[in-house]
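One structure below.
Going by the order they are written in, the chains are A, B, C, D, E and F; count residues from 1 in each one.
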Amino acid sequence: MLEVTELACLRGDRLLFADVNLTVSPGELVRIGGPNGVGKTSLLRLLCGLSLPEHGAVRWHGRRIDRHRDAFHQDMLYLGHSAALNDLLSPIENLRFAAATHGRDAHEATCEAALERIGLSLQRDLPAKVLSQGQRRRVGLARLYLSEDVPLWILDEPFVALDVDAVRDLAEWLDAHCARGGMVVMTTHQDVPFRTAVRLFDLAEAAC
Amino acid sequence: METPQRFSLFRYAAPHMFYPLAGKMAPWFLAIAGVLTLIGLYLGFFVAPTDAVQGEVYRVIFIHVPAAWMSMFVYLVMAFWSAVGVVFNTRLSAMMAQALAPTGAMFCFVALWTGALWGRPTWGAYWVWDARLTSQLLLLFLYFGFIALTRAIEDPRRADRAGAILSLVGALNVPVIYFSVKWWNTLHQGASVSLTKAPSMATTMLWSMLVMALAAWAYTIAVTLWRVRSLILERERHTEWVGEVLDAAGERA
Amino acid sequence: MLSVFFEVLRRDLLLAWRNRADVMVTLAFFTIVACLFPFGVGAEPNLLRTIAPGVLWVAALLATLLSLHRLFAQDHTDGVLEQLLLSPEPAVLWVLAKVLAHWLTTAVPLIAAAPLLALLFDMEQSATGVLILSLALGTPILSLLGAVGAALTLGLRGGGMLLALLVLPLFVPILIFGAGAVDAHLSGTGAAAHLLLLGGGSLAALALAPWACAAALRIAVE
Amino acid sequence: MNWGSWSEFWSMGGSAFFVWGSYGVAFALIAVELVLVLRRRKHVIHRLQKLRRAAKATAARKEIRQ
Amino acid sequence: MLEVTELACLRGDRLLFADVNLTVSPGELVRIGGPNGVGKTSLLRLLCGLSLPEHGAVRWHGRRIDRHRDAFHQDMLYLGHSAALNDLLSPIENLRFAAATHGRDAHEATCEAALERIGLSLQRDLPAKVLSQGQRRRVGLARLYLSEDVPLWILDEPFVALDVDAVRDLAEWLDAHCARGGMVVMTTHQDVPFRTAVRLFDLAEAAC
Amino acid sequence: MLSVFFEVLRRDLLLAWRNRADVMVTLAFFTIVACLFPFGVGAEPNLLRTIAPGVLWVAALLATLLSLHRLFAQDHTDGVLEQLLLSPEPAVLWVLAKVLAHWLTTAVPLIAAAPLLALLFDMEQSATGVLILSLALGTPILSLLGAVGAALTLGLRGGGMLLALLVLPLFVPILIFGAGAVDAHLSGTGAAAHLLLLGGGSLAALALAPWACAAALRIAVE
């Protein structure tokens, strides 16, 4: 269970939002809403511990994440605006490296299956830099298919640059994750149909 | 009268015409190179007399000087092809420039290496900062730069064009480098020894050196033709004729 | 038409100002390299005085070299370069503006700092004057030729180092004439010939380099 | 003829290292270059043949789809 | 009028597409469709002359664009995947620079109006690097509001990262451009409602 | 747990291999800097022999310095660094792996090339041996301390130059002991003390630098 209490975020001179309170329980899909620049990305980075809040705290199973970082990171997966690919490595190498450094199953066959699933088997051995925008994004997202057992997924605009088929497929996978008791916190400006009831958390209300 | 003649001149600038021609010529040049090398070595080692001052070690000259000449000449030829490519926008010329570079660099290194080995017994040091040696070293860097740049760019067409620019800029600089280094050397009175104090050449020495130089020429032409064939295939791979060449090669295998 | 030139010049100078740290640090690098030498070769005053012009010129050359990679790199990654190449104005114009901005923000501070470092090496006053003059006439060639190298290696992995390999052989003559000018002055033969050659080289580079640079940039974004 | 015997020839008046070092390295480099050039040609043909087969296969697949 | 004849594009070892023929006339809005990695971005870059085709030609008013580059660039505006902003300059400075170097009206007031229009007046003087993903994109798009008189707009995924309001606004502006006789060639994976009849050019059909 | 170490080491070595040009070119830079000096200070053999150890050490130091900025830069821009920091494994482990990979791919080639350059300066055979030894013991400190500097300046504008400013003062003692070892050997006092100090420095840096580096990286991504 992820608990956010009285969170406030300061960027430069500007207090983006204050007094954000949010609880995410197993099986929930929370969508952080709000217009461009309201602070969604900033909030997600606070949630996963990449930056430190001005005020308030984030707790995972009741324990502050800044005090118990490693345990929290074990249970969490974050995908940001960038796909976190090395341009010289191929999709399969990037995927294996990401899994291995997070202590997840990184067998060749598992990774191949994930690549197959996102439709990049043909590009398996190309260097990532020649991939198209959407293909890069897909490789980043392939990590989701390796992380079924990671309870908390934090996703920043996962649907950007994906074509219609990929959007549908990803939405189904997020649904499946919630169905098996996982939690998803994400942002998106696109209108994506989920089977799970999406809880909209409108950040504009907390914005200063 | 004139039109057909021009046509025949430019005909072989087309890669698909040049490819089979290169394939036919290369073995001949390699054979010529082999024969000339054998003659040159025979003249150099068995006919040319022992040098009065240096003894036997001077026999390095038969590989040293041809290599040094070749390395300088090849860079100029590279620049020539690059200029042709820029002016006439022919694809083949950029490929020629790239095919020449590794051989030029190889000869450049051989000149340095043999010179260093020769220098030890004659000057007592493997290296002195003599003008000619120094410009040779810089030439090696120019070669390395060209090769590294064209290798670093993956798209062959981009690599061709970038290489052309670089070799032209470099070629404009070659004389500048040569004369500035010469001036620097005389100004500083640097090395107490100088290459110009060459052993007075016996005629047989001169002949064997010339024969070896011709052999280096023939060798360079042969290797370049072979290399350019690979380059042509890579760059023209989507054309009909390359498809036929590939199929033919497949049947033979 | 010329407005592109001034617009780009103004922007690049503004960016250099926002980014003062960068400019200061080129200078710092120059200083530190020059100061490292006494540690490396020992503090014998005569030895130091002998090698001073050479060391300062080498340091200036390296400092320029290292600042070169940022001539186009930022614009390349953030896509501004593409937009400039899609501009209807001739590319040589803004290339020249960028090179000029680079020279003003890196070479000029080096030239200004050189007298101080010459003092550290206990160089003669008149020799210092010649050093300054040689730097002023020689550094434009460094910027112009360097820009061609920077454009050719733009976006390539290992670009910064590849750049060094490409341009250093081209820089050698400038180093020879630059450091040579001071030596010639000290030995009494007079530095005029050296300085004239440097000036002539600058003009030649000014006439040719921008074209090569523009062509190389077009290749780089492709 | 300059040499009385083969061993005299090989010792090069005491400069064997310098003379044979020069020729040895030079010819070794030439040999290496020849091998590399021929190997490169083989690689290129092999690679292009593979690509050609792949292109043919996709073209055929496209034909079937239509 | 933009004419594309027998265009083929090679990337690395792969022939992405061949024999693409397309004509865009005044008032038309062409959407290049196709799944991720089919070659849409590559096609747009060929159209605007940033890369050279393997085969075929692009003509603007009957003249090859690689031979008459400056005249073509006078009539064309391209916005790619990246927003082409310098991180140290503020939105207004970035906008003025872009306009001035393209020989367009770059008065302070005009640029202010464009910024106002995209809702970034507040961020007018912030360095671009602190902007959110969507705000960066908006600054890039602000150039469209300065380029009414440029006939041909080539836009690569202009709607990415924009919130719903911004998407609607941009769609209207593209409609207006077509209504006044402009041409738009663009790609998008999102489903955006236009008033203009959108001509879909499916690149998947030309793909090899 | 150790698997992270090996995984990162393997990946970085693989990347260096894919990127061979980069590694070769660090070496080229080393060579070229060393070769520039004679042009600056003149070709007098005795002078050159005197300054050789200093020049080679300075060149090695600069070459290492310039390669440092790419230690974390790529991972930072493409977001891999963020992901590594979000990994449940301790950060020191993979930091150490990255530094080791850096040392193997930059310092080792330099050490291998040093004898050749010593030849250019006509250094004595035994002095060359001491030079190699001093480089082998000193360069790990350069990589370790440099990594801390690289992490601290990560993502800052003018980072490369700022890095130089930060770490060069720290590198001075290494330069002094490194070049000093050769001089001490030549003057007959023996290089043992210098070499021991360099070795001790390496061990100390090995124990402390990775922690500082990991902390600096956390700050850099925030």
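The definition used in the following text is that a contact is a pair of C-beta atoms (placed from the backbone, for glycine too) under 8 Å apart; a residue touches a chain by one contact, two chains touch by 3 or more.
For each chain, UniProt lists the protein as follows: A, E = Cytochrome c biogenesis heme-transporting ATPase CcmA; B = Heme exporter protein C; C, F = Heme exporter protein B; D = Heme exporter protein D.
Since the structure is predicted, the reported quantities are computational estimates derived from the model, not experimental observations.
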Contact-graph separation of subunit C and subunit E, given in steps at minimum:
1
Which is the least count of steps on a path of touching chains running from subunit B to subunit D?
1
Which chain's centre, taken as the mean of its Cα atoms, is farthest from the centre of subunit C?
A
Centre-to-centre distance between subunit E and subunit B (centres being mean Cα positions), rounded to whole Å:
48
In whole angstrom, what separates the CA-based centres of subunit C and subunit D?
41
Roughly how far is subunit B from subunit F, centre to centre by C-alpha average, rounded to an integer in Å?
36
Mark out which residues of subunit D touch at least two other chains, giving numbers and ranges.
51
Counting only residues that touch at least 2 other chains, which ones in subunit E make the list?
12, 15, 52, 88
Two or more other chains are touched by the subunit F residues 19, 21, 25, 28, 32, 39, 42, 157
Pairwise, which chains touch?
A-E, A-F, B-C, B-D, B-E, B-F, C-E, C-F, D-E
Residue positions on subunit B within touch of subunit F in the complex are 116, 125-130, 134, 137, 141, 144, 148, 151-152, 184-185, 187-192
In the complex, subunit A residues that touch subunit F
48-52, 70-71, 73-74, 76, 78, 80, 82-89, 93, 97-98, 100-103, 127
Complex interface listing, subunit E residues touching subunit D:
13, 15, 208
The answer for subunit F against subunit A in the complex is residues 3-4, 7-8, 11, 14-15, 18-19, 74-75, 78-80, 82-90, 94, 221-222
Can you tell me which positions in subunit E touch subunit A when the two form their complex?
11-12, 34-41, 81, 123, 126, 130-135, 137-138, 157, 160-167, 189-190
